[in-house]
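Chain IDs A, B, C and D follow the sequence of writing; residue 1 opens each chain.
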Amino acid sequence: MSETVQIGVAKAGRIGYGFSDIAVVPDRRTRDAEDVSVSWSIDAFHFDLPVIGAPMDSASSPETVIALGRAGGLGVLDLEGLWTRYEDPTDAYRRIHEASDEDAGSVLQQVYAEPVKAELITARLAEIRAAGVTVAGALSPQRTQQFYQTVLDAGVDLFVIRGTTVSAEHVSNTTEPLNLKKFIYELDVPVIVGGAGTYTTALHLMRTGAAGVLAGFGGGATSSSIKTLGLRTPMATAVADVAGARRDYLDESGGRYVHVIADGSLGLAGDIPKAIAVGADAVMLGTALARASEAPGAGYHWGAEARHAKLPRGSRVNVGTAGSLDEVLFGPAHNADGKLNLIGALRKSMATTGYTDLKEFQKAPVAISHYEV
Amino acid sequence: MSETVQIGVAKAGRIGYGFSDIAVVPDRRTRDAEDVSVSWSIDAFHFDLPVIGAPMDSASSPETVIALGRAGGLGVLDLEGLWTRYEDPTDAYRRIHEASDEDAGSVLQQVYAEPVKAELITARLAEIRAAGVTVAGALSPQRTQQFYQTVLDAGVDLFVIRGTTVSAEHVSNTTEPLNLKKFIYELDVPVIVGGAGTYTTALHLMRTGAAGVLAGFGGGATSSSIKTLGLRTPMATAVADVAGARRDYLDESGGRYVHVIADGSLGLAGDIPKAIAVGADAVMLGTALARASEAPGAGYHWGAEARHAKLPRGSRVNVGTAGSLDEVLFGPAHNADGKLNLIGALRKSMATTGYTDLKEFQKAPVAISHYEV
Amino acid sequence: MSETVQIGVAKAGRIGYGFSDIAVVPDRRTRDAEDVSVSWSIDAFHFDLPVIGAPMDSASSPETVIALGRAGGLGVLDLEGLWTRYEDPTDAYRRIHEASDEDAGSVLQQVYAEPVKAELITARLAEIRAAGVTVAGALSPQRTQQFYQTVLDAGVDLFVIRGTTVSAEHVSNTTEPLNLKKFIYELDVPVIVGGAGTYTTALHLMRTGAAGVLAGFGGGATSSSIKTLGLRTPMATAVADVAGARRDYLDESGGRYVHVIADGSLGLAGDIPKAIAVGADAVMLGTALARASEAPGAGYHWGAEARHAKLPRGSRVNVGTAGSLDEVLFGPAHNADGKLNLIGALRKSMATTGYTDLKEFQKAPVAISHYEV
Amino acid sequence: MSETVQIGVAKAGRIGYGFSDIAVVPDRRTRDAEDVSVSWSIDAFHFDLPVIGAPMDSASSPETVIALGRAGGLGVLDLEGLWTRYEDPTDAYRRIHEASDEDAGSVLQQVYAEPVKAELITARLAEIRAAGVTVAGALSPQRTQQFYQTVLDAGVDLFVIRGTTVSAEHVSNTTEPLNLKKFIYELDVPVIVGGAGTYTTALHLMRTGAAGVLAGFGGGATSSSIKTLGLRTPMATAVADVAGARRDYLDESGGRYVHVIADGSLGLAGDIPKAIAVGADAVMLGTALARASEAPGAGYHWGAEARHAKLPRGSRVNVGTAGSLDEVLFGPAHNADGKLNLIGALRKSMATTGYTDLKEFQKAPVAISHYEV
């Protein structure tokens, strides 16, 4: 646990650290970047890169999901997004791109008012499967009961349940909530679930049988949950807490290793080694992939929390276009803005600190420093 | 108590936290926002919303006091403001609206030089009573002796004594100060009094028999007490301290529960759950309500401390207009700037952290984090 | 002592706090501002106000020194400044006022290249004495030996030795340094000496027999000692340390009370109560007085450290003009920018926290809070 | 060691401090600046100034290396830079100067694509030797094996191996890495090696027989390693850690004193005394020297990390031109921006705190303070 301090007489709080508060510190040994492995496996699936594409319409289309898969990562389509609401989402995207900053929120609400269609879920997943890459789709906890059978019938390799906050125990007076434990037990595909921001939430999610837990709240750059809800999960602390749950659950379960996937506030290349150094096994990227020229957001980026009809907790933000997906992942970069060659940077970071694989790199020393970048 | 550190050899100070230093952290359980109750009761009065309108002329006219009451909250009229100085304050408001930034301070001083009239206090309170909502009016400690009989004769349900700092023991060499304990004892309406920023001040105010204590200094956005007086009460610490006094006084008094109302620095939707999570029972809102299209400030906001003839400690600030009072409270919001759907946001915040009522929500885990919003 | 932490393996450092890190916190009792005394005495001299004008050419001319004395404070003329270098400094001031930002440093160097003239020291002090106010003049430690006899012959009530850093033990291989203890012993006027930033420096200065010690480094707004020399004395910590030396020296000396005068970083009204609350007996003001319409700097402000021929450690800064000296001290203010009615603000701050005199106000509770003003 | 705190359940980190977090604090004694010595010796070489020029093409040409040597410091040529890639680098410099901000990264990559030529290494070093100053050249760890024989044959007095991070134990699967210990043992010139950011790395480098260790990461102003790699070494902590290794190695080796040279984040005059006060014996300057009118960068500054073909970790930055090299070192300065008279400022800083030589000055008290400069 991080330090607990008294806020006042009747309330204590824990100090939390974000990625911007920390840095990885080189120590002792160095290596060649070529000798470093950044590969990652979850369940039976092996990936050359520890990169999962965030199921966000700005970053992930069937096309970019396939491209990311071919590049060595895992693409995940949002199964409640534009691609399953519209047969052809071109016009919907166009409306979002063309909206003024002031109107963007309302336009998102209008565009996403169109219902999700089960047959489009089936079609999109089939398209991805046909490309020969690992197939993964994401639903929100709210929609999982409604659509998961459609998803299973369509066939997925990995199933992602992603909300800003997901708990193992959702309580509802009006509807029968998703029983995650029962659901995951009955499913025969591995499930990645989150976001979870604390040790306890993560431990409970691990006990449901999840193969992976998303640590964080997702959609860092596009989220305004602190302004609107007063909620925030400082990411470095969240990842380190969830990694603590992984360690303790490993013991408690007699050896089940649940993967920790950092999700949120990973906009720059340098954030990825930070996430792994505090305990992540892999990262889910939104902003970084939304900057690819192939990204359907065309330089704009938004998350599911921005489309709520009455209470949006996020915005469309302009992240710009930095280069092709290949350049985003593998470079070459021509400047040091941290937007291109994410994988080269991760390798270099690991090599400079002397680590050969991601699991070892979780032990890298970290400094807390508040002075400006 | 929060941590005490040495500032230097001869002086120690306590670390204080503001709302911007903290965040509520989701943990363990989630709920449906529909299952959450945000109702609040003080004395015999029940409110659907834990929202009290600040007695500030920019936010509260008789009309908006009534509207807030009808919406489920409690409106409070400033009984020393424009509505009791002017039969028709239209022109006074117009002068304030039209003043340049440079002249605004002087114009406030001129407009508020007009004396308060007892008969207007009577008339305004009658107007509110006629609307069928809970009637509440506020006086400053300095004016309470002069006007409280007028207020009582006019009839109020709740009486608010509000200054930037109010103590149970005001000492004066020239006038007989208000004896709060005697005053409250003799009054037959419940009294809400403050601002109080520390455990001790609050405990002493509770011992006077107050039904509620305003925690903080009021008028956060409009106050410059740090620049002018060197005074500041970091709000999260203040609320947690006053909540500590509530707990200890509950024991000391054998069961009298004095309500803690956070007052100040509550400009965004997300600040409200923060205030409750550190111990508030309800919130007094200024800026947030001054943004309503019905607000008499017409997009400007100012507090009582800005009208002092020789030493203003606050300013007229431009907060803009965000939507109707109904939209401010209940939405729909079309973006995530935290200005609309405050109640929906509070419900969602409580639901995301798994709490069903405000009292329970005071237990929500809180993180201290200095990184940017 | 404030907290000591390890910077790294081989070095520890003390945490230091500036005035901007702290706030005075109202607690328990309140009072009428009218009942508050802000008077101050040092040696046989009584002042209605605890305000000493900084001996800086931008703030202090013979005319403003007299005006401040008549207003109840203590004016101090820089006896090495323009008024003792030029029979008529009008043209010198004009050159400084008219210099571009880029040229200001060079112009200061040129204007101050003119030698100090003993006869002008005599004349200026006579002018002040003739006005019937307490006469005080300041020399730097470097010039004290050269000119103090002139000063004494001219007649002063209080003698100020002021440098950015003054120690009781100056070591020199080339010149015989000023032996402060011997010097002060032989002098028959009380001496105020500083700046001192630490407990030890202050204690040593107190042992020389000084009547008052300047706590801090002087010329806060105009100083760049951190950029140029890497030196800084966080003011709140410095004042609290020097106040600690006062307390210990009081015991060691069997009852000699050496006054602590905060000098530096006191630009806004709210900084003055902060300085006293951490232990100051009085304040030396530069920026605040340089904003008076009577100030010879005409809206510009600069300190002695800005005129060094080869290594300026300060700059001419534009502080603007806020009002007459009377308005700066006593108001009325028309806004809350902290530039006018410094004394009214100090009274209000003391009244709000319930203290009746400056000595008592040194006990006021203080909070450390890093969130924005 | 600085304080270790928990970031979260499974990860701890050390608090790190940068130069901007600290200040030297005057204490007790003062001296005349003229009585202060800033001379420094390493191995058999004596320097009047503790200043080493960074081997960066923007700051160091053969001409400025000679000029710095004549001024009393040590110039170091980058033996993999423009001067050893181009017979006449004029055109290469011109292309870099003329590139737009957007293109600068690509232009650097293109210009540095030209191979390093052994014969130019020989010629440049001969040119410096002919001028009669101490001859020093720098190679990166990657190129040391390829070119060191050329360097030795050409003749150097001091050999610098400088990378952003250098370890005593580089591991490679594909090439035989440089065995630093063996290399230094066989070499008959003293070696300065780094950057090292931690106690352990530094201790291991000291054990290789190095005469000096560069503490830090180099090229502070031009580096983006935090954005791109997530790596950062807070400089004050790094220097204090490396100084700790010096102390412990002194004991372990029975008296071998390895010099600690702060390298990075030393852009202003005031940063130099800070570096020494936390333990440095000397400083390596990039930005400060790149501001000299003689600097080949002509107001632009860039480091080796900016020229990487696929993953630049630095940028060309515009540092401007402040004055001649002589003015940069010895003044006169005409303002207080910390760019001129670095040596005068160091002397003044030492004098103000009462220290007579650099070794003593390492004991100066330091404050940690986060308020603005």
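Definition applied: a contact is a pair of C-beta atoms (placed from the backbone, for glycine too) under 8 Å apart; a residue touches a chain by one contact, two chains touch by 3 or more.
These figures come from a predicted structure and were not determined experimentally.
Taking the definition of touch as given, a chain qualifies here only if it contacts chain A and chain D alike; none does. Interface of chain B with chain C: the two copies contact each other largely through different residue positions, with under half of all numbers used appearing on both sides. Inter-chain spacing, taken between the CA centroids of chain B and chain D, is 56 Å. Centroid to centroid, with C-alpha atoms defining each point, chain C and chain D lie 40 Å apart. Of all residues in chain B, those that touch two or more other chains are 15, 17, 237, 370.
Of all possible chain pairs, those that touch are A-B, A-D, B-C, C-D. Within the complex formed with chain D, the chain A residues making contact are 1-3, 15, 17, 22-32, 34-35, 199, 236-247, 268-274, 277-279, 331-338, 341, 344-345, 348-349, 352-354, 365-373. Considering their complex, residues 5-18, 20-21, 104-106, 109, 141, 164-175, 197-198, 200-201, 204, 224-234, 237, 305-306, 309-315, 370 of chain A touch chain B.
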